[in-house]
Structure formats: C-alpha cells, structure tokens
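What follows are several structures.
The following pair of complexes shares a single chain, chain A, combined with chain B in the former and chain C in the latter.
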Partner chain A sequence: MKTKTRDLLTKNIVTIVFVILCILGIIASQQPLPFIFKELLTRVGRNTFLVLALIIPVIAGMGLNFGITIGAMAAQIVMIFAISYGATGFGGFMLCMVLSTPIAALFGYLTGVVLNKTIGQEMITSMILGFFANGLYQLLFLFLVGTVLPIGNEMYLIPGGVGVVNTIDLKGNLMYALDDLWSLKVPTVLIIAGAICTALLVWMQMKNKATQTKDQKKASYARIGMGLSLLVVGLVLNFTTNMYRFFDVPMITALFIILIAVFNIAIFKTKMGHDFRTVGQDKHIAHVSGVNVEKRRVLSIVISTVLAAWGQIIFLQNLGTLNTYGSHVQISTFAIAALLIGGASVTKATVGQAVLGVILFHTLFIVSPMAGKNLFGNAQVGEYFRTFIAYGVIGLSLGLHAWKTFAAQQRKDKIDLE
Partner chain B sequence: MNNIMLELKEISKLYGENQVLNKVSFSVEKGEILCLLGENGAGKSTLMNILFGMPVIHSTGGYAGEILLDGQVVNINTPEKAMELGIGMVHQEFMLIPGFTVAENIKLNREVTKGNPISQVFGKDYRTLDYKTMNRDAREALDKLEIGIDEYAKVEGLPVGYMQFIEIAREIDKKNIRLLVFDEPTAVLTESEADNLIKAMKHLAAQGIAIIFITHRLDEVTACSQHVVILRDGGLVAAKKTSDTNTVELAELMVGRKIEKLVQNEENRNVEKSETIISMKNFKVGMPGEMVKGIDLDIKRGEIIGIGGLAGQGKIGVANGLMGLFPASGEVTLNGEPLVLNAPMASLKKKLAFVSEDRKGVGLLLDEPIDLNIAITAMQVKDDFLKKVVFFNQIDEAKVKRHAEEMVKLFDIRCTGTEQKTRRLSGGNQQKVCLARAITLEPEVLLVSEPTRGIDIGAKKLVLDTLIELNRKKNMTIIMTSSELAELRSICDRIAIVSEGKLVGVLKPDDSDAKYGLYMSGKTDMPGEVL
Partner chain C sequence: MKDKIMHGLKSIGIPRLTIITLLIVIYIAAYVLKLDVAQLFSDNLVRMGMNGVLVLAMVPGILAGTGLNFGLPLGVICGIIGGLISIELNLTGLFGFVVAIVASIPLSILTGYYYGKLLNRVKGSEMMVGTYVGFSVVSLMCIAWLVMPFKSDAIRWPIGEGLRTTIALTDYYDKVLNDFMKFRVAGIDVPTGLLLFFFFMCFIVFLFLKSKTGLAMIATGSNNKFAKASGINVDKSRMIATVVSTILGAIGILVYAQSYGFFQLYTAPLMMGFAAVAAILLGGASAHNAKIFHVIFGVFIFQGLLLAALPVANVIFPQGNLSEIMRVVVQYGIILYALTKAGGGQ
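And now, the complex of A and B:
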C-alpha cells in the first residue's frame, strides 16, 4: 500500500506540484472565483484543440511535436488571404478550415519526411524546422505579398505597398465566428452534460455487468457518481443566485473539441491507430512484422499538423487579433507545456491529460500576474513567472524522461548481473 | 518416402569470393523434428535465410540449387513468399512488444478488423480492431501449445520462458503453417523451460507440422529429433537417423579436425607451474548477448590462454568485463592485488591492454590517421607522446609519427603512409593497427578478442605469429578469445571453454574433437567406452 501510494506520487509529481501551485496562486491573487472561472472558460475553449493535436505523434513514438507551429502558419496564411478577400462569419471560418487542410497536410508531409531522416531526434528537429519555416513565412509576408502575390485589400499592406501589416484585427470578420453561433449558460450546460454522462455510464454499466471484475465495478460506480454530481451542481447553480448563471459556454466550439477528443480516442481502436502504437513501441519489430513504419510516422505528423492548423483558426477567432509575425511563434511551447503539466510524457499522452493540463496551465496564467502584484508589488514578476513555468516544465519533463530511461537501464544492468 | 515435405537439393551460396554453402542437400518429412547442428559460421543461418527468401541472400546474387516443397520446385524470393508457402520462423531474440497484450502480439500486423461507417468511406486503415476475435484466436493458438498464459495479459511482466511460447503461438496462428524453424530457441531458456518447449514442439510435430530445430545442446538433439543434419564449413558432414548415433559422435562430427599447429612443441615450456597473474572468482559481466554468469579461472604468467565457446555464450564478455567496458561484478585479482572493476582507466593503468572484437566500433577512430590511432591510448594512460607548452599538454607529433613508422614496419601494415585514415585500410591492416596500439602500452597482459575475424589468411597468419612472438620474447601473458576453435588450438597453451555464461572446463590443445564438441555444448561427462 505504502509503495503504491509512493508510486502514484512519483508518477504524477508534475501534476500534483501544479495543482498545489494553482491553489496557492488563486489564494495569493485575491481574485473572486467566478472571475477566474470565466477567464478559464475562455482560455480552455481557445487552447484545448491545439493541445489535442499533440497526442498522436507522442503515441507514434515521435515525441512532442514542436512542428505544430508549422500547422499554425498554414492556418494564418489562409486566414490572412481569406480575410483580405472579404471572408466573414461562419462561412468564412469554414472556408479557412477547408483551405488550410491541404496546405497543412503538405507541410506535415514535408515535416514527416525530414523527421524520418532524423530518427531519435524528432523533437529538436521539429523545433528547428519550425524556426526555419518561420523564415520562409516571413519571406512570404514581408516581401512576396505586394510584389509578386496579390492581396485582396490594400489596407492589409504596410504603407509603401510591400509586406503585410503587423496586426490584423479580426473584429467584424472572423472574430467569434464559431463561438457566437450557439451558446448556453453554464448551469444549463452542466445539467445537459451531467444528464448525458450519467445516462451513458449507466447504460454501459448495464451492458458490462456480467463480465466485470470487482474493481471495474467500483470504478464504474465512481464514474456514475461523478456524472450525477455534475448534474446536481448544475441544478444548484441554476436555482440559486450566483455569477455563474451569466457565463456563456460556446457550444459549437465545445462540440469541435469533443469531436477531436473522440477522434483521438477512436483512432487507436482502428488498424491505423494500432499501427501507430506498434511503431511507437518498437520500430524494429513493427518493421519486421510488415508495418510500413515510415509511412505511419509521416501520417501521424500530417494528422498532427492539420489538427494544429484547425486549432490555430479556433484560437484566433476567439482571440480577435491576428499578429501576423507573432501569433504562431509560441503556440508549440505553450501547448506542449500544458500537455506535460497534465501528466503526459514524451512517450505517453492521453486526452484526459491534455484537458487537465490546459486547465492547470491557464489557471496559473490567469492568476500569476495578480499574485505577483500582491506578493511582490509588481505584476511583471508574475509575467516572468509564467514564462519561466512554460519553459521550465518542458525542460523538467525532458530531463525526467532521460533520467527515467537511464534509471531503468541501470536497474536492468543490475538484474542482469544477478 | 512420399512423406517428404521439404527437400533441399545441392544448395550453394557465395558471398563474394567466399563459399559459405557448398552443395548441401537434405530433406524433411512431414511431422518430424529435424535437428540442424553446426558451429558458428558453419552455414546454418545462411541456409535458413535462403529458406526464408531474406533480402540479404538476393541482394548478394542469390543461391544455386533447388528447393522442393511437396515435390514442387519453389522460388522463395521474399519473406512474404515464405510465409505464403507456410514456412514460419521462431526468432531467437524476441520479436515481442512489451506494452502490448499477448493477443495483440500474436496478432501483430495481422489484426482482425471489422468494418464501420467511417472505414466504408476512407478505406481499410480505419477499420476497427475486433478484440474479441483476436483474443479467441490467440487463446486457440495457446491451447494448441497447452500453455496457460492469459491472452489479455501484458507481455511486459511475463517470465522470459513464456515469451518463446508467444512467438510460437504467433507462428501457428498463421493458418497454413506447415514448416517451422526454431533458431536456437533454448539458448535463453532454463532447463525446465526448455523441456516444456521440446514437449510443445513434439506436440506440434504430432499435428503434422515439420520442424527444423537449430540447437547446440546435444542432449536435446537425442531427446526430440528423428533426423539430424550436421554442417561444417558450409558443407554437409552427415545426415543421420538420430537413433543411429550418439552425442559423442555428433560432437566429433560438429568440430572436425582441421588444426595446423603454429608452435612446435617446446621442451622447456612449462607455464602451468608459473605463478598466477589474474585470478577471477565468481566473475560476472552484464554484456548484452554475451552474459558471463560467474566464472572462476586462474591465468598463469606467460601463457597464452584461449577462451572458446559458441556465439552468445559469454566468451566475449570475459575480456570486455576485465577491461571495464561492461558492468561486471565478482573478485578479480591481478598480481595478487584486487582489480577495480567497471573502470576502464584502472584496468589500463594496471597494464592490461585490449584489442576489441568490435574493430570499427570500439577499436579504431576511423576518421583519424594511423599514427594517432596507435598513440592515443598511451597518451591517455601514460601521458606518453605529449609535450608541455606553458600550461597545456600538446601532442608531440614528431614522436607520434616516429613511433607509428616503427610499428608500420614491424607489423607490415600496408598503407600509403602513417597519416592515412584508418577507415581506408583493409580489415587485416586495421587489426594490425589495433594490435600496434595495444603493444604501445607495453602491457603485462594482452587481451585479444576475435583477432582474425574478417581478415584474409595471410594476415591471419601474421597476426597469430605476432601474438606468439610477443608471448615468447616479451613474456607477455595473452588472453585470446575466438570463435575459431582451430585457431585457438593452434597457438594456445590452454583453452577455457565457456557455455551459457559458465566455465565448462579447461582443455589442452591436443584433446580430442569429441571432447571439444561436448564441452562447447555444455557437457563434461564423457561416456568412457567410446573413447
């Protein structure tokens, strides 16, 4: 029992540390909970999709795909041109999604081909590829647009006619194109979600009753309990006076996220997903048993890049401003940090970890400036802190991974000797 | 004789100029177990590679001869074709994925799938895995072997003994399987596990599957097979009914007599009475694939001692362990003082020098010139070839070059000059560079592993002559590890035979072939009446 608890602790140490940090941060920031919740709601809707784009390459054994930056560039290329030619609203949004797909797929394919030549160094290669692609991206928007390539509206050009302006306001064209389609209040969403979850879980429990073990039964009842409590919380919020009743949940955005989460789970139940797992576990054995390892690896990167492009479009429509030369730069770092905080590692990641990670990471983002101000009299300290966190957690996670591999090898050597 | 399933007719294979198989013919009957015996390099694996249509055969010019399956000539040019024809192989190293369940491993890349709406549109990559059927099929295959492993357990936690069975289950799950090759499956198993495996093999044979069983444990041969085929140096030595032979005869046939003594009997050579220089007690080395599992051995000053045995049995591990290149444990004393293990520098400082079997990986700095390669270890260990310039040690290039030139003359290294990169040298000359470097250290004990592997006969003789000369003139103790028994017997004073990580015994160079054969397969008891 004691070792079990210790195992649980060491395995989830990163997540546990961040839960504690978040709680301390919330206390130190002295912000009302509803405010934090509202901010968090926006940020979760904005970022989760991008983080989910990372999962498949991890399972396919290619580590954390820093190359999602390239997917984001594909999205921004399409968005800038689409906006300049007058794309607006949900139609414009879908147009961007559709047009960015082949471009992102091509970029992903090229990335995948390079990564196949640098087996074992996928992470650093994808990061450097991101920097390299950024150079080409700047060439496109600083020089080619206005000289060689036409743009729909001169107002998006830097005065002088060459190059695209630094920031593009999405207000009036794509801002909230997805979020504003349909939204419901928080309590209503909780009631609906709670009801659906409970019904689904009860149905599953009925179906599996005959074959399940005692532990499975316990877990199943615990899940039903959680579904019910969602429902209860929703009802309580709905019929009492509180702030949460006024917060909107963008339903279509949520639906997109749920769809992609389901996709990430379902794909591993298919032949293709199973091949990803096989390749991720052992490339050599996969090859010997006839799996086309290189093709699968490329495919996993293509999927990841396309999802990243879609994720970036969702991200920007919510944010409302497109920073031509900056919006894509840090998304891979932040998405990866979020995933790692959720408890994922270089070789293992789940949808649950992605969602938990986004919640923890962005809670910290929301509270740290205020906490910094209250504790040190300076909001900048909080800013520093959160940048420090993002890079620190990635470095820590990579270090832990290397250390774990090393320790496992040492243990194996020791056993071999005995 | 209508029962013959597979017939090999005069199979020959050349790798370049090298004849690795020379007109080998034999046949396998339906439902029988045939044992294939032979030393390393006898041609067993080449033969099996031909049978499986491995790319390595066809990219090097194919083979000569015919393979007949059920009386029909077949052309097996890819592994897929072999599988199609119902030929399966159980690998020695496990082709299993630890994170997957037993059933997933058995069905690896042959997963059972079922359609769904999405796969209708996007194709068969999107079909869902049918775990129920997969588990059922896996269960069936495991039941055929009469083994009670849970099909949904993860392979990770299973004992090694089970893994072999999962591999076999994978092969028999392929519905058309007719011929199974077991490539030294018992090498990694304990005795009782091996017994279980043989039971399972007999069980399969009884169901009509023909089995080719490669092993070096002679008692297993007599325990399970109907026929035995022995290869030596690429040629067929004997194909016999197992009931007509015995382990001693098999051992003799396997080793054969092909020894040419390089040293004449010297009157006053009496190394056995000299003092002990290295003494190992319960010496263990964790070298992957060459585990040493506890050896007690005393080495005398001034002798050439050979360490022999089959590949993967641990003979290579001994020298690597002494040099601290792989994790080692146990008690080792050198000149009566304890030797610090797991520290290459400590071993070097104690005047041990090593010529590695991995010439290109460990032995040489391939992109550096000959002279630097010869001097580099001496620079590190003895601060030789260095000159002090203010605060910094600089390489004394003139001295390095002078020394290299001496060595080139001494060893007759064929090169364009001492500044030639070692990558460009032939295998024999690379080996001479390695030797030259080891000698530059002026060691008391020289460890050489596989000194003649991959070099031509002329160079071979020169290397061996050099070793003898070093031993006789400088009284250097030499520990020589080699897969070539003949080579060991031609120059060594004593030969220690290692099998399954343990010392079987120490033999004299002029002991009988049968004795060598038995020792190599891990047995020491000689049935007295035969000799």
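And now, the complex of A and C:
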C-alpha cells in the first residue's frame, strides 16, 4: 500500500505540484471564486482544442509538436483573407475551418518531411521550423499582400497600401461565431452532464456485472458516484442563490472539443492508430512488421497541424482580436506547457491529461498577477512568474525525459558489454 | 579541375553560397544606389567585433559533441550581472570593462558547471534541453531583475521597482574597445581595439584547442567511444567545454554591450543564442565541426548581411520591413539546414 502511494506520487509529481501551486495562488490572489471560475470557463473553451492537437504526434513518437504554430499560421492566413472579403457569423467560421484544412494539411506534410530527415531531434527542428515559417508568414503579410496579392478590403492594409495591419478586430464578423450559437447556464449543463454520465455508467455496470472482479466493481461504483455528485451539484446550484447560475457554457464549442477528444481516443482503436503506437514505441519493429514508418510519421504531423489550425480559429473567435504578427507566436509554448502540467510526457499523453492541464495552467495564469501583487507588491512579478512556469515546465519535462532515455540506454550498453 | 570546383561548391553548401552571393549583390546594390559603402563597411567591421565573441562561444560546445549551444543566454546573463556589478562600483573606462569581465567569470564558471552537469545527463537531447533551460532562466531572471538589490541610479528606475530595461553605458565604458586606437583609412573607420580584442579571444580559444585539454575535448566530440577507450574522461571534457562556452558568452555580451552602448535586461537575452548559432553555421560550421575561421567568416557575412540589407532594402522597397524578414528567414533557415544535414538517420 505504502509503495503504491509513493509510486502514484512520483508518477504524478508535476501535476500534484501544480495543484498545490494553484490552490496557493488562488488563496494569495484573494480573488472571488466565481470570478476565477468564469475566467477559467472562457479559457478552457478557448484553449483545450489546441492542446488536444498535440496528442497524436506524441503517441507516434515525434515528441511535442512545436510545429502547431505553423497550423495556427494557416488558420490566420485563411481568416485574414476571409474577413477582408466579408466572412461573418457561423457561415464565415465554417468557411475558415474548411479552407484552412488543405493549407494546414500541406504545411503539415512539409513539416513531416523535414522531421523525417531529423529523426531524434524532432522537437528542436519543429521549433526552429516554426520560427522559420514565421519569417515566411511575415513576408506574406508585410510585403506580398498589397503588392502581389489582393485583399478584399483596403481597410486592412497599412496606410501606404503594402502589408496587413497589426491588429484585426473580429467584433462584428467572427467574434463568438461559434460560442454564441447555443449556450446554457452552468447548473443546467451540470445536470445534463451528470444525468448522462450516471445513466451511461449504470448501463455499463449492468452489462459487465457478470464478468467483473471485486476491484472493478469498486471502481465502477466510484465512477457512478462521481456522475451522481455532478448531478447533485448541478441541482444545488440551480435552486440556491449563487453567481454560478448566471454563467454561460458555449455548448457548440464544447461539442467541438468533445468530438475531437473522442476522435483522439477512437483513432487508437483503429489500424491507423495502432500503427502510430507501434511507430512510437519502436521504429525498427514497426518497419519489420510492415508499417511504412515515414508515411505514418508524416500523417501524424498532418493531423496535428490541421487540428491546430481549427483550434486556432476557435481560439481567435473567442478572443475577438486577431494580432496578425503575434497571435500564433506563443501558442505552441502555452499548449505544450498545459499538456505537460496535466501529467503528460514526451512519449505519453492522454485526453484527460490535456483537459486537466488546461484547467491547472490557466488557473495559474488567471491568479498569478494578483497573487504577485499581493505577495511582492508588484503585479509584474506574477506575470513573469507565469512565463517562467510555461518555459520551466517544458524544460523540466524535456530534461527528465532525456535523462531517463539516456540512463536506459546506458543500462542497455552495460548489459551488451557484459 | 572541374571536379575540384564542384566538390568545393558542394562542401560550402547551396544555402551558404546563396547567402554569400546575396551579400555581394547587396554591396553592389549599395554602390549602385550611391549609398556610403565605406561607412557600411566600417559598420560591418564594428558589428563583426561586437558579435564575434558570442559566436566564438559556440566552438567548444560543437567540438565537444554537445551540439549547438542554444543555452547561450545563461552566459549572457552572467555577463550582464558582471557588467552591472562594475557599474554599481562606479568604475569607468577600460578598468570598468575589465572589472566587469573579471566579475562575470566566477559566475559563469559556476553556471557553466551546473549547466554542463545537466547536459551530461541528457545526452542526445542537449539542444532542446539547452534551449528551454535558457528560456526558463531568462524568464526567471525577469523576476530577479525586479528584486535585485542594486543601488546605482544608472541601474534602477528613478521611481518604482526594479532595474531599468535598458541601462546606458555612456558614463561608464561605452565604446572603450571600439575607440581604442581607432583610425580611418580610405573612408573606412577601423575599430582597432574591438577587432584586436576579438582576434585575441579567437587566438586564446585556438591555443586552448591545441592544448591537451582541448585535444581531449575534440576527441570526445568526434568519437565518444574512442575517447573513452583512450582514457579520456568524456563527461569532464564536455563539462569543460560548457564552462568555456558560458564564459565566452559572458565576455561576449560585455563586448556587445560596450559597442552597443546599453545593457538590455529582461526578455532581451531570450533569442540571442539563435543569432550566434546562425552566424557560425553560415561561416561553414556544422553541428559536429567548427573552426575559428568559421567564426570570423560567419559573423562577418551574417552581420554584414543584416547591416547592409537594411538601407538597401529601404531604398528599393520603402514599405515593409524587408530586411527584418530576411534576418528571420536566413537565421532560422540556416539552422534548419544544419539540423537536417546533421540528421539522426536511423
């Protein structure tokens, strides 16, 4: 029992540290819980999709795909042109999703080809590739638009007629194009989700009853309990006076996220998903058993890049302003940091870790400026602290992973020698 | 003969050839556009000396097999701290500059030691880990700059908390090297002191590489197992390389700052490693091999390109920041090229 607990602790140490940090941050910030919850709700809706885009390359053994920045660029290229030609509302949003797909797929293909030439150094390559692509992206928007490429509305050009302006306001065209389609209040969502979960779990329990071991039974009842408590919390919030009753949950955005989460889980039940896993575990064995390793690696990056493009569109329609030269720059850092905080590593990542990571990372993001102000008398300390957290957790996680691989390699060498 | 030329061209590589041609074209364009070419060339020399030592810091890492040292910001930060200590003591001129270097060296040895220890544990992923260690330390230092107990008015904000984002060196050691024995020939200002210092540092590194320690280091980089078999302590060699690289990074930023006239704190050191890496790669180095010549040649053409492209591009294409775009594309393009050439290829 004792070793079990210790195992659990060491395995999830990053997540545990961040749970503690979040709690301390919330206390130190002295901000009201409903405020933090509301902010968090927005940020989870905005960012989760992007983080989910990272999972497949991790499983396929390509590490953390810093190249999702390139997917975001594809999205922004399409959005800027679409907006200038008058795309609005849900139709405009879907148009962007559709048009960005082939472009992101092409970018993803090119990324994959480059990464196949740098096996073992995929992460640094994808990062540098992101920086390089950013140069080409700037060339496109600062120089080619207005000279070679036409744009729908002169309003989006820098005075002088060459180059696209710095910030594009999405109010009135794509802002909340997805979020505002259909939303429900928090308690209603909890009641519905709780009811569905409980019903589903009870049904599964009935079905599996005969073949269950004792432990499985326990776990199953615990899950049903959690589903029920979701329902109860929803009911309590609905019939008492509290702030949470007024918060909206964007249902269609949530649906998009759920769909992509299901996709990420379902793909590993297919032949293609198994191939990804085999390639990720051992390229040599995969090759011997007839999997086209290079093709699978490229495909995993193509999927990731396309998902990143969609994620960026969802992100921007919620944010409401498109910073032409800045919106995409930091997304890989933040998405990767969130995934790692959720407990993922360079070789393992799940949907659950992604969601948990987004919640923890963004809680910290919300509270750290105020916490910094209350603790050190300077809000900037908190702001620098959260950037440090993002870089630090990536550095730590990469370091730990490299150390483990190196140690394993050394052990293997020793055995070979003996 | 023809084969020889083809072989030579191949070993230079198409990207490098393109860049060198581009630089020549830009200089010709500058002449045609009646820009002050002599002035441009003087500035090119200054920029070369200014960035040279930072680029030189790449050599030990590459030779010892730790790869391109993207963790250069660690050394840069040590250098800045040394520089600030010298300002705090109110030292000026060459003496202030020397004290800054002396103060930064123990710090960089300590930092390099721990950084080297880390790099020895993550063999195979040094570049990625180094990049993010650099990023983390830079962002952690952002907090440190806010709370550091420096007292000098030149360093602190006059009101409010923390240290200034840029610290002017005008009253301290601004351009001490640049102006040392400076002379003018055929319209070209030669920053003698700066260049002498740069070449002196190159010479020291050259001597170091020829020493027993240096040779052991090179052996480590070129063949790990062979080095081990011949009794070289591989980890120690890599460690020494990292320490030397960090020290050179610290000295490099001090040379840079005295020429630039400012220290830049907070997020400024974040991307400095990439420019240095790009310069040495352009000079002909790879992820596994580097020579002093690559440093000198690389920093000259890379900085020359950045410098000369700006006025030329501004005349030809007044709109848009074409030279900045070119910097990004060239800088990361050459790193990407080197990475694909190094290739894992399993």
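Keep in mind that, in the parts below, the second predicted complex is superposed on the first by the 405 of 418 C-alpha atoms of A that agree within 3 Å, B and C clash if a C-alpha of one lies under 4 Å from a C-alpha of the other, contacts with A are read in each partner's own complex, and residues count from 1 in each chain.
Please note the rule applied: contacts are C-beta pairs under 8 Å (C-beta built on N, C-alpha and C of every residue); 3 or more make two chains touch, one makes a residue touch a chain.
This one's a predicted model, so the numbers in the text were calculated from it and none came from an experiment.
Residue by residue along chain A, chain B and chain C are tallied for touches, and C comes out ahead. When both complexes are overlaid on chain A, the residue A:Gln216 reaches neither chain B nor chain C. Residue contacts after overlaying the shared chain place A:Lys271 against chain B, while chain C stays out of touching range. In the superposed model, A:Asn153 makes contact with neither chain B nor chain C. In the superposition on chain A, contact is made by A:Phe132 with chain C only, not with chain B.
In the superposition on chain A, A:Leu142 makes contact with chain C only, while chain B stays out of contact range. When the two structures are aligned on the shared chain, A:Gln281 is found in touch with chain B, with no touch to chain C. Of the two partner chains placed around the shared chain by superposition, chain C is the only one that A:Gln121 touches, whereas chain B remains out of contact.
Note: no residue of chain A belongs to the chain B contact set and to the chain C contact set alike, using the contact criterion stated above. Across the complex, chain C is touched by residues 114, 117-121, 123-125, 127-129, 131-132, 134-136, 138-139, 142-143, 146, 158, 160-163, 283-284, 376-378, 380-381, 384-385, 387-388, 390-392, 394-396, 398-399, 401-403, 405-406, 409 of chain A. Partner chain A is touched in their complex by these residues of chain B: 80, 95-100, 104, 108-111, 113, 119, 124-129, 284-286, 288, 291, 327-329. If you check the complex, the residues on chain C that touch chain A are 70, 118, 121-125, 127-129, 131-133, 135-136, 138-140, 142-143, 146-147, 161-162, 274, 317, 319-322, 324-325, 327-329, 331-333, 335-336, 339-340, 342-346.
Interface of chain A with chain B (complex): residues 269-272, 274-275, 277-278, 281-282, 285-286, 288-291, 413-414, 416-417.
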